[in-house]
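Here come two complexes built around chain A, the first alongside chain B, the second alongside chain C.
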Partner chain A sequence: MSQSTSTMGNEKINTSRRKFLKTAVTLAGATIGYTWLKSSQILLFAAKPKDENLPWYGLVIDIQKCIGCGNCAKACKNENDVPIEPFFFRTWVEQYTVKNDGSVNIVSPNGGINGFEQTVPTEDIFKSFFVPKMCNHCSKSPCTQVCPVGATFESPEGVVLIDEKYCIGCRYCVQACPYGCRFIHPVKKVANKCTLCYHRLKKGLEPACMETCPTGARMYGNLRDKNSDLVKFLKEHTTLVLRPHLNTGSKLYYNGLSSEVR
Partner chain B sequence: MDPHFQHLYDILAHAQGYIFPNEIDLQWGILIVVYPFITGLVAGAFILASLERVFKVKILKPTYQIALLTALSFLLVATMPLISHLSQPQRAYEIMITPHSSSAMAIFGFVYLWYLAVVLLLEIWFDYRHSMVVWSNEKKGVMKWIYKILTLGVNDISPRTIHWDRKLGYIITIVGIPSAFILHGYVGFIFGSLKANPWWSSPLIPIIFLFSAMVSGIALVMLVYMIVSYLRKKAIDLNVLDAIGKYLFFILILDFTLESLDQIHRIYEAEESFEIIKLLVSGKLYLTLFVAQGLIGTIIPLITLVFLQFYKHKIKLQKTMYFIVSVLVLIGVYSMRWNVVIGGQLFSKSFSGFTSFKVGLIGLDGTLMAVFWLVLPIGILAFLLWLLPPWKMVKEED
Partner chain C sequence: MKFYIPPQITRLALAFAIFITLFLVLRHFLVPKTFGEYGHYRGASLIDNAQPEIHYAGQQACFKCHQDIEDKKAQDVHSEIHCETCHGPGEKHVVLSKTEKILKPAGREFCGSCHVINAGKQKSMINQIDLNKHNIGKNCIECHNPHQPWEMKK
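Moving on to the complex of A and B:
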């Protein structure tokens, strides 16, 4: 009798202890799990299209169509209040000249605004081409990731933008962009970059650089719309992004990109 | 013309190869060299203090409070170079109010405050409380009140309370060691986590930062100990120098090994950035990397420290050599910060050219400002040593 009582007593204790342990383990597990998930979200960084009804913008630059006139860089400066000094560009054009000896000559005098002069003698040239550069509007953009206050953000349409009233000017984003697309505006004293002419897009207008391009080397469009010209272009051409190994989720696709380009 | 633009035109004229047009201006100047240097001194000095406390290295006792006060003096200034380099310094508080969770930089304020308030201030307070109570009873006038305020009204000096002071101080030191590691490892992570920059992007960078921090902090405490003893006209204890020298030697070896590993790894993997980095280290960084950091800051101190373990004849010569070693090591670590911060921005991310860097003398991010932020902590330290003289503390039995 006494034995069974003690067993019962033990069982009672065991059940409540088991219950307690179960709850404790569940709670601890949930906390650890949540913390882990939460922290991995913090460590893993990527923008996702949120609103299904909004476009998710992508870009194409067709290198074979670029003639190096520099109108795009000039139009951009006019449209976006970028200082005219040759140290600040939201978009610019580079001229690549691959020589017969394999060496590569790259120039971009004043971002290509005044056009280009070929300084390499014709007989030494293996091939030459122009590469327009601009913000890649990455979906895993390193610049957005590192901004300590969140002044850089991605719009619901996937355009990387800066809140000028919020930027503290720490320049971490300029360091983080592998494409050299950011600068500190010398007058506003905050980070500055291509907005894909967001103010124009909102009015149904093309970005200034695209409107002015005489050969239609630049294109933008809705990556979500399978019938858009952009998606059709991407389907019919083999395109590449810059620095794919950095996994920046670049949405600027180059057609005819040569391996010398970085 | 705007002098800033004139400055940029000058640099443009000196650019080599091709650099992206936005890269002519260096984003982070001399202040960002000073920032990890100062933070490193803090972490290093604290770790040396902890050695004495946690691992009971009795011989280091004369340097314990000096190390703590040195750490505090530099920590108080640590954020200033950061804030003064911001283009919008008046918005600096945003980083504390709305930190962006994915940014490696956003947490610095919190790590800093944790370290300042929870670790250093508390540890120093527990350490000095007994003495401050006694001083507040002994002194007269303003000083009496200053010490009274510093005790925060906790005037109990019964053996039991003092025992608790020491116990809590000990616990804080134990918490402090990983905190010091986090503080400076984290500063390294700010650079090491930037995949866009192959000179920075390395998981070894936080660890290298940490070891170079320890090296610089230990050297600084050794230097401060010698200078303070000299100014107080007290004999410098050679045994203390030998003990610190031993730690300095081992950590310098580790630091050197880690840095070499990082470079060997780069050379062997020879990724797409290899050619430009090779040009960087053999050109623009040659003096600061091989001469200042490698030879003056590492090789010569290492050889001297080995020599000093065996050479036991002329005491004055030994002391002079320790003095020189600590100065050289500090020069070396400062050069290391320079090589990381400035070196990482001299080459273009197109890997096809170099910009150049000219330090301005005046202005918020000029040399004078940097010197000011380096000298200010020394002034603070002098004040703290006057206010809280370790040599006048109430002796406690072990």
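Moving on to the complex of A and C:
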């Protein structure tokens, strides 16, 4: 009787030790796996600059300030030698009008380059606002991932650029951009997009759209510098990015973004 | 025991060696020098992207000569608007001020591109005008000085 009890006791100890080891190994494995996944940014995503000494550019568009004059779209075309026609845009403006019956009317005549005429009578309007669109300069951009030749990339400053000499014009990136911000340049026949006026930034000037915005609805700045105007704005306002569920790591933050905006 | 390699394997190995060498030689000449300098792209394209000429000079360049306009503009509601918003790209004018004249836009349509009434505009952001009601037939600059809109002309 006493012998069998002691055997049972031994068995109990053995099972619990096995359980303990199993749990410990599982936990250790999970921790190691999680750390590895996290470092390769598969599980959790946090935008991080690569070069410590360079700025890491981000953008803010304040929807409440936009008056839909289209100066940004016009200036962008002038500055970057994009033909006025056909209608391809590096940046453009859309007017969203939510009617009293709940339907949404979205217009963008010529990308808003000549301003907007109110298409819906005022008495039918629930609310209306302008949304300037441009490249989101994603830090995990879908467009750079699909390029078969390495002709589009994210610069160390966090600006998504195109190598025009290397681009073969295959249009993969045009399809991949969820924001519709890329096109094939009608003259150069290679992919084209907003460069955040990289050539102007390098000369110490503002991007052309921000230079010509009459209301200061657009803003760019260094996300690394915690004292920059941009970071200050992001601290003081509730901003959203477009299509956050796509996990593109967009660095274009909209203030006052409505849920109707796609 | 002697290690025996069949002749077909030797030939296959030789073919592989030639193929790999050829690939490496071609790769050496075809891949640009700066490719992979910072990432999976041509490092020199950063320089290429910084090359294009600018067209908008920036308003500090304007104020170097047009100090009077700067002072005038600072006193009224258009103070925050940069010169090239209305006057268009001005880099050519900055470089060749004698021959390259800057755009002087005027007319109800032009001012209207900002000031026309539209439900999408915040009332606090901008004064909105119904072009079909406000002094029809008159040009805006007959009454308003664009640099100082509320300094009304008589």
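Here, the second predicted complex is superposed on the first by the 213 of 262 C-alpha atoms of A that agree within 3 Å, B and C clash if a C-alpha of one lies under 4 Å from a C-alpha of the other, contacts with A are read in each partner's own complex, and residues count from 1 in each chain.
Quick note on the criterion: a residue touches a chain if its C-beta (ideal position, glycine included) is under 8 Å from a C-beta of that chain, and two chains touch if they have at least 3 such contacts.
On a predicted model such as this, the values are computed, not experimentally measured, just so you know.
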Which superposed partner A:Asn71 touches (first chain B, second chain C, both, neither): second
With the two complexes superposed on chain A, say which partner A:Gly169 touches: chain B (first), chain C (second), both, or neither. first
Have a look at where A:Ser250 lands relative to chain B and chain C in the superposition and call it first, second, both or neither. neither
Classify the contacts of A:Ser139 with the two partner chains as first (chain B alone), second (chain C alone), both, or neither. neither
Check the residue A:Ile106 against both partner chains and state whether it touches chain B (first), chain C (second), both, or neither. first
If we overlay the two complexes on their shared chain A, which of chain B and chain C does A:Arg200 touch? Say first, second, both or neither. second
Determine, under the contact definition given at the top, whether A:Gly150 touches first (chain B), second (chain C), both, or neither. both
In the overlaid three-chain picture, which partner chain does A:Ala208 touch, first (chain B) or second (chain C), both, or neither? second
Taking the contacts chain A makes with chain B in one complex and with chain C in the other, which residues are shared? 150, 166
Touching chain B in the complex, chain A uses residues 42-43, 45, 85-89, 92, 94, 104, 106-108, 110-111, 133, 142, 144-150, 166-172, 174-184, 186, 189-190, 246, 262
Per the contact definition, I'd like the list of chain A residues that touch chain C in the complex. 50, 64-65, 67-71, 75, 78-81, 95-97, 114-118, 120, 122, 125, 128-130, 150-156, 161-166, 195, 198-200, 202-203, 205-206, 208, 211-216
Which residues of chain B touch chain A in the complex? 2, 4-5, 8, 12, 17-25, 27-28, 85-89, 91-92, 94-95, 98-106, 108, 190, 194-197, 272, 345, 348-353
Residue positions on chain C within touch of chain A in the complex are 32, 35, 38-42, 45-46, 48-56, 58-59, 80-82, 84-85, 88-89, 112-114, 116-122, 125-126
